[in-house]
Every structure is written in structure tokens, then in C-alpha cells.
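Next, two complexes with chain A in common: one pairs it with chain B, the other with chain C.
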Partner chain A sequence: MDDENDIGVVKRFLYVNRRAPHGSIYALESLETVLIGAAFDQDVSVLFVDDGVFQLKKDQQPDALGMKNFSKTFRALEMYDVEKIYVEDESLSERGLSVDDLLIDVESLPRNKIGALMDAQDVVLSF
Partner chain B sequence: MATLNIVNKSPFEKHTLSQCLSRAAPGGAILLIEDAVCAVIKGGAYAEQLVTGQQKVYVLEPDLAARGFADAALPDSINRVDYNGFVDLVTQYDLVHSWF
Partner chain C sequence: MKIAVVVNEGPYQHQAADSAWHFVSAALARGHEINRVFFYHDGVNNGSRLTTPPQDDRHIQQRWSELARQHNLDLVLCVAACQRRGLVDADEKKRHGKDADNIADGFRISGLGQLIEASVEADRVVSFGD
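On to the complex of A and B.
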């Protein structure tokens, strides 16, 4: 690299989260990968659909399971300039949730817009 | 003989809860643990299906709390149990069957 401001190739990355937290390792692994993408100054978007919306639920207390409460880390995404965070409306309503139940501000999208969001990316990573 | 049926997967991801509900005998119980606790949230697509009156329904409290539902409203007939309550249920029923 001949210039310390040269950040190289920037691609549009979409991280698709479809699983609930704490029952498997997917949610935590995804969050760490999002932070890596952000650290490399990539154009990061994060999408929560299906059970993935549970990852953003307020008031998670996984201590009794011996699991780390990584949900607080979602609040740090803004500091990493990860500001494009999407949640599917239908996934929330099917689960009895609304955006008020979530621990960060998100942009909610209807199901019929998800495909277009994916098509707008260079890379889509599934968790 | 009465059976305790244990379900551990989210009904939005796997069909094990429906598979259990369609087969579980009356007089038994259903215990929801791990990601299956997502089924009990009032207003969700599965909460009402659980309340059939055919089986008692229990949900594991630490798994609810982990997912941010410690204080969530549940349908009246769904009972919360802690780990000791889990053990009590296992001893109380003749059979235990896990649907995974």
C-alpha cells in the first residue's frame, strides 16, 4: 500500500441473519464477522429476517445459560459506521414483536423488498 | 402412562413443535426449552396453538430470560419452570420424549 489512506477495494456486503440467539453460535459469529467487515472499511449492510429478529430483542439475560450477552454489542455498530441495519416487518409481526421491542434503531422493510436489497450487493453472507 | 414432550427448536425454523402437537397424547405435557421458547410469545403465530387444553404446557424460564422475554406476557395456561422445575417434570411423568 503506497498511501496509508488507501483503503483498497470497497465492496457492498450484506450479512443476512436468520437464526435466534443463544440456541446456536450463528448470531455471535455473524456479529463478529460484521465487525470485521466494518474494520476493513467495507460498505456493510445487516439484515435480520425470520428468527434473526430475536437477536435484536431488548433485555436479553443469557447469564443463567453461561452465554455471553453479546446483544449489547449491536449498540456499538454505529461507532463502526454500520448504519444500514434492516429488519423485515413480517418477521417481527409473526413473532408478536414490533420495532419498539428492539435495542437499536433499524429500517424496517416489507418482505417483498428483501430480494431487491440482496440484488443490490456485491457479496451476501448467510448466518 | 403420561409423556413429557420436550421441544428445543424454534417453530419458525423447524417443524418439530407442530410434529409434536399433532401427535402428543392428551394428559401429557409439553416443555419448551432453548429456541423453542420463541413459540410462547403472546401475539406470535404459535402461542394460541399451544393452548389446546389437551396437554399442560411449560416453558423454561432461563431460556426465556436469555432471549429478552423475562417479563413477557404469556398465554395464561402456559407455566414457567426453572431448572429444578424441569427436573420435577421429568420425575413426574412416566416417559420423556425429545422432539429434535
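On to the complex of A and C.
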């Protein structure tokens, strides 16, 4: 797979997740893009802001809504060498959450550092 | 400049599909290169040739097809997003045993890798969405 997807150039991709995991399909289809981007050996970072922080919440039970519980897939990101995962501090605290409520290890950044994170990227895709 | 464009919303529901078309038209007129337009999420609905808006309204799908014909644009619909939403080309029709296909001229269905590749090759990536 690595050879087939080798396009010779490595760029810094940041995927920005802004929406709750359910209620719209953006979160699920964003995750699909993140996994593909990692398979192409790009330098991948993932950021969760606003309601996007709910995507990482432990103990999701979307089955009751007839929705697929894709939150477990976030645990697989490490296997795809996606290790730069950021959440915005204020987005967590405004929603009564802390990093202890999340199902994977993340680096939390204050709101005033998010701009610099984005500035350091070549490509920013927002979902 | 070489620009990759991402369209994340469907036609008529959101202005994003219109804005993307206006942006691509203007960029081409200024002599920029659009290396790919990638349609994701409900954006894939821009590529349905069965679209039939009222006659006094703009025809978003035909506008894309015409622009593709004039400028040899690469309009790519994400295959996974298409499958969820019933967008089918001749190959997909055969593969999934469907009784019809509905992709408009100038569009093709391919994978998310086309988004990554276009982003790597472009100088800028410009997204249109909600």
C-alpha cells in the first residue's frame, strides 16, 4: 500500500473537526479522509474544536439512534501513525469536558495557540 | 497558481456549490490552473445528470459540465460519498447490480486519494462548505 500511494512529496495536512459525531455525516466522512491521508504517507495532524470535541467522548452509545459507533476507530489512528491529535482547551471546558473524558490521548491547546498550529500547515481541511 | 478546490455541499441547499463554481470560473479567467475539483459529502450531488431545476433558475450541474468541457477540468466525485447517496457511474452500476447510472458529463467517480493527491500537487487548496 505504501508504494502504491507514494506520491513523492510529504505535506503537512491538518484536519479540523468542528461538529458533533452524530446529527450530520461530517465527522464520519472526515475520519475516512484522515485515514486515507495517512495511508498516503502525508504528515497528518488532527484538531478537534467546538462540538467536534464530542467526537472523542468516551462511552458513546449511538446504537440507540441506529447509528454506527465509529468512535472506536479513533483508537486505530495510532496504527496509521496519526499521533498528532489536538483538542482546544476552551472547547472542552465550555462543554463540561476534560481530557479525562476522551477515549484517546490528545494534546490540548489553548485557543490562542490554534492559529499558530494552522499557520504551520500546508493544507487545512475543515469538516 | 495551481489551485485544488473542494466542494462539500450539495447544489441549491447551500450557496457553497454556487460559490465554488464562481471561484473556479474567476480563477480560470485570471489564468490560474485548477488541477482538480473534488466533491465530497453532499457535494457529490452536484454531479447528478438527473438534476432538473425550474427553467428560470440556474442549472448548477450543467454549469459544472460546461466549465469542464471548456477548460478540460477534472471534476471528481468521492466514491464512498457517492455510494451512500445513490450517485452511480457505468462501472458502479455494473459492480453493484443497479438498474441505472446518473453521472453527468465531465464528472468522474474516484477515491479520496484523489483529494490527497490534488492537495499535495496544488499550491493552494480552497474549500467550499457549511
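Here is the rule we use: the second predicted complex is superposed on the first by the 120 of 127 C-alpha atoms of A that agree within 3 Å, B and C clash if a C-alpha of one lies under 4 Å from a C-alpha of the other, contacts with A are read in each partner's own complex, and residues count from 1 in each chain.
The working rule: contacts are C-beta pairs under 8 Å (C-beta built on N, C-alpha and C of every residue); 3 or more make two chains touch, one makes a residue touch a chain.
Owing to the predicted nature of the structure, the values given are computational and were not obtained by experimental measurement.
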- Message: One more residue to check, A:Phe40. First (chain B), second (chain C), both or neither?
- Response: second
- Scan A:Glu90 for contacts with chain B and chain C and give back first, second, both or neither. neither
- Query: Is A:Val9 touching the first partner chain B, the second partner chain C, both, or neither of them?
  - Reply: second
- Could you figure out whether chain B or chain C reaches more residues of chain A? B
- Task: Please indicate which partner A:Lys57 is in contact with in the superposed arrangement: first for chain B, second for chain C, both, or neither.
- Result: first
- Classify the contacts of A:Val123 with the two partner chains as first (chain B alone), second (chain C alone), both, or neither. second
- In the overlay, answer first, second, both or neither for which of chain B and chain C A:Tyr26 touches. second
- The chain C residues in contact with chain A across the complex are 6, 8, 40-41, 80-81, 84, 111-113, 115-117, 119-121, 125, 127, 129
- Query: Quick one: in the complex, what on chain A touches chain B?
  - Reply: 18-24, 50-51, 54, 57-65, 67, 71, 94-97, 101
- Task: Write out the stretch or stretches of chain A touching chain C in their complex.
- Result: 5, 7, 9, 11, 13, 25-26, 29, 32-33, 36-37, 39-40, 42, 123-127
- Listed in rising order, chain B residues that touch chain A in their complex are 8-10, 12-13, 34-35, 38, 41-45, 47, 62-63, 65-71
